[in-house]
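Per-chain numbering from 1; labels A, B and C assigned in written order.
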Amino acid sequence: MKHLALATGLFAASTAMAADKPILTVYTYDSFVSDWGPGPAVETAFEETCGCDLQFVGAGDGAALLARLRLEGGRSSADVVLGLDTNLMAAATETGLFAPHGVQADLSLPIAWDDPLFLPFDWGYFAFVKNADLPAPSNFRALAESDLKIIIQDPRSSTPGLGLVMWVKAAYGDQAGEIWQELADNIVSVTPGWSEAYGLFLEGEADMVLSYTTSPAYHLIAESDASKAAAAFDEGHYMQVELAAKLASSDQGALADDFMRFMLGDAFQSIIPTTNWMYPAKTPSTGLPDGFDTLITPAKSLLLSPEQAGALRDDAIAEWRNALAR
Amino acid sequence: MLQLDHVHIALGGFTLGADFTVQSGAKLALIGPSGAGKSTLLAAIAGFQPLASGRILWQGQPLHNQPPAARPVSILFQDNNLFGHLTLAQNLGLGLRPALRHSAAEHQQIDAALTRVGLAGMGARRPADLSGGQQSRAALARVLLQRRPLLLLDEPFAALGPGLRAEMLDLVAELTTGAAITLIMVTHAPEDALRLCPISTLVANGQAHAPVETGALFETPPPALRAYLGRSTP
Amino acid sequence: MQGARSLPEWPGWIAGLFLAGFLTLPMAAVLWHAGGGSAPQPADWAALRFTVLQALYSAGLSVLLAIPVARALSRRQFRGRALLLALMGAPFILPVIVAILGLLAVFGRAGWLNQILAALSLPELQIYGMHGVVLAHVFFNLPLATRMILQGWQAVPGERFRLAASLGMGRAMVFRVIEWPMLRGVAPGAFAVIFAICLSSFAVALVLGGGPRATTLELAIYQAFRFDFDLGRAAMLAGIQLALVALATALALRFGGVVQGLAGGQGRPALRPEAAHPLLRLWDGALIALVAAFLLAPLLAVVLRGAPALLALPGPVWKAALVSLAVALAATGLSMGMACALAITALRRTGLELLAIGGLALSPLVVGTGAFLLLNPWTNPTALALPVTVVVNAVMALPFALRLILPRLRQIEATQGRLADSLGLRGLARLRWLIWPQLKPALGFAAGLAAALSMGDLGVIALFSDPQHATLPLQVLRLMGAYKTEAAAGAGLLLLLCSFGLFWLFDRGGRHAAA
């Protein structure tokens, strides 16, 4: 069937599948559905038990995902959205498009979680990734004083970029602008997205790149390469928590509930670490894959509440821009 | 009979008037200084130049609102009379109808026309393979196939040497006389006009004058023609 | 005058109407959804300033450099000249991210150039900053500028140079009398096209600009749309971008006279008696070698990085390559059809040419969003992701296609139009027997360019992305996003090979068939 759809090149999965099974439509970000992301394995695992047809629809990244839902409003064909994060939560809640998930779960997050609408499916810490043999600074001030060159992402177009701005804001508050001014001469380049930044780093364009504490696990597990490490910062590390939610307009409410529960089960959660390269929201009974034990574990977890993040965002970005635009 | 009825042409600041009649089967030379409007007048008859006012009639029927291909006219320009990317046979075939595939009967006509202008067996060649004289012959062969009663020549032989030009004019005479074709020809050279055209029109000072007998025109040229010819008496 | 009417004008009007709709309707849909435009913010004006500035620098430098390069190429014949000209076109059709990585492999902090400098104990060269943005844009656009200007040189009849020589003119006089008037006609058009291309730059400007100083309008659109969800502002900014391109083009047409095409460069150079001096020959040779090195070294880096992974590429990448090929072929067909229809009508209505330039100013984000808003009430936009991509790619290639086709068509009609008219060659017969055989080389070149551009363009597919129908550029991004940098380099090379292969096939097909 897939080949037929490919051959005709026109009508995607939405029209091509059997009509007798209920269809669950999940909107997610593009890298989730890619052939190298968690999407294909998750689809197989869920369809084994649900008696349904799970269809992923990809839309850019988290911000693009929310934008698409806002464009579609109540007419969206999505039943579940997977891939928003805490920075988008305030705006997402405000749309009124989402329904309570009703799932009670014992999550493996370093923070308490009790939001009625949004349910985490994975999480990670932002960190600067470097070559393992590079002596790394232990905080932003030390980084600013060093000659090390870093590559970061633009907070206006990228999730990690915004995460970094929030990180500095959460750690330094009113002094954030000052920190950015001191960092300015360390920053080689600001990229539109994570991929470009990480690619540039691997090409040797900088000493460190903004990524996740889990990034070295990819090199270790997939490439047997132990040469990458994350720098531990003593201010603490800012968290990214990736979220899913049920659409209030869904016509597959029960199936969507099933999926939300499935999402925190072993089958889904054990796929996450080695495809999304993040920590599972609920550690599966088999534990984390070998290699994750080598990663740094921050002493302090930083995360602004969605309300704080929403209120601080514009000023924090302006601070960042003014400091770097000089 | 071709009638130019109070024809007035305006091209920017340039104007040209013409008001005369040419009998069917006549051979008329347009003579005059460069830039006087000889080619423009031919273009108007052929349908490439709209009239500001006046009418052009052929056998009493108005022509001036018809598209070029619908007029009873065949025309040869100074250059670009053959399509360089097509063979001679294809070029000639376009004179029969605007397509490049032709019936056996049509091919016979094409071959016959080539033979008549002395290019027998050269149908498969392209214009670039021919000499200047041969190209002119091929263009004339297409005119034959077009079978239009009015032939306009806008100095198509100007680039040829005097001997070759004379040869071409003789060929034109031979081809037109039998077929009762009316010929209007632009020329710079009095000898060409004398050779082929019993009547001539002087085009000068914004006016195409009424045709007169060619010999007489050169015997006693009006001042404008005298200035052009650059001599006081012939 | 009569000539143009011998071909039907209605297809051109339909194409023009479609194009006008395509340029304005998505923007209008976004505005309508937003309930009106909203004012740009102070930061947007800063972005506008930077955008215009970097585009001016980039276009100016590209054209200034292209003039001596084109002159050197116009008067020198050497082995491999045709191949060099073909390869020089490659940067232009390279996907942005692949090109950036190639450029950095040569000019970056750990690049070849700095390795050489370090070996010679010379200070490190810093690529990031305004000069990096301009360097990258010159890399992309110098070949285009060179082609357009070289075309101008080759359009000068060889007799003029011989006449100049017989009159004893030196190089300075030849420049004043022959070359300068030609450049005044050609250079403004080249400048306008490149200015327009650089206006919508986004990733190149940001990455090589080194920070938020290098914020372009396209990034501001991105921010307004995704972050602030201020659709009105996004549409207003896209409108400003479109207006800037229209202004630049109108100025170029006004001051540059007839805009030349960008075909050619394949013909033999004219004999140039005034340039026979051995020192001048050396200078031209050095210039050509330097430019070739500048343009080809990053390409070589792309090839070297990608080659090890090329044969081991995972199945989905090959599948994506097939999807991209299909999209590229469909976009090429549509683009050529529209370009021919527009060119015929534009013989008499020059304004249509201006309209086609609008394709350069399309903001993929706004077009994609607008198309989404327009389609959503009727059908599932994701299902139409590929057709929308085909149309966007076709429209984006249109300015180039039209520039190639129109001047040649004008020439055919000018030299042979009357003869064809007098023979009653109209409509299809005229197309089949007069236009097609002679327009083929220009059509082949245009189709090659359109196919290659479409192949390499990420376009709007990323906005609608559909797991089943990823295109090759999208797969490159996905591989990079999944840490698979080496496979991404291999896929990037595959993309380069496909783009260049398509270009070569079409271009050669056009020229071969005409011979």
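Following the convention adopted for this analysis, a contact is a pair of C-beta atoms (placed from the backbone, for glycine too) under 8 Å apart; a residue touches a chain by one contact, two chains touch by 3 or more.
As the structure is a prediction and not an experimental result, all values here were calculated from the model.
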item: Chains touching both chain A and chain C; value: none
item: Two chains sharing the most contacts, counting C-beta pairs only; value: A-C
item: Chain A and chain C: spacing of chain centres that average the CA atoms, whole Å; value: 35
item: Where chain B and chain C are represented by their mean Cα positions, the distance between them in whole Å; value: 47
item: Distance between the centres, which are taken as Cα means, of chain B and chain A, whole angstrom; value: 80
item: Contacting residues of chain A [partner chain C, same complex]; value: 2, 5-6, 9-15, 30-31, 33-37, 39, 56-60, 63-64, 66-68, 70-72, 75, 77, 91, 149, 154, 156-157, 184, 187-196, 198-200, 202-206, 215, 218-219, 222, 277, 318, 320-321, 324-325
item: Touching residues on chain C, where the partner in the complex is chain B; value: 1-2, 5-6, 415-416, 418-419, 421-426, 429-430, 432-434, 437-438, 514
item: Of all residues in chain C, those that touch chain A in their complex; value: 33, 43, 46, 97, 100-101, 104-105, 108-110, 128, 202-203, 206-215, 219, 222-223, 225-227, 229, 314, 316, 319, 322-323, 326, 369, 372-373, 376, 380, 382-387, 462-470, 474-475, 477-485, 488
item: Residues of chain B that touch chain C when the two form their complex; value: 46-48, 50, 67-70, 73-75, 77, 80-81, 83, 85-86, 90, 94-95, 97-100, 146
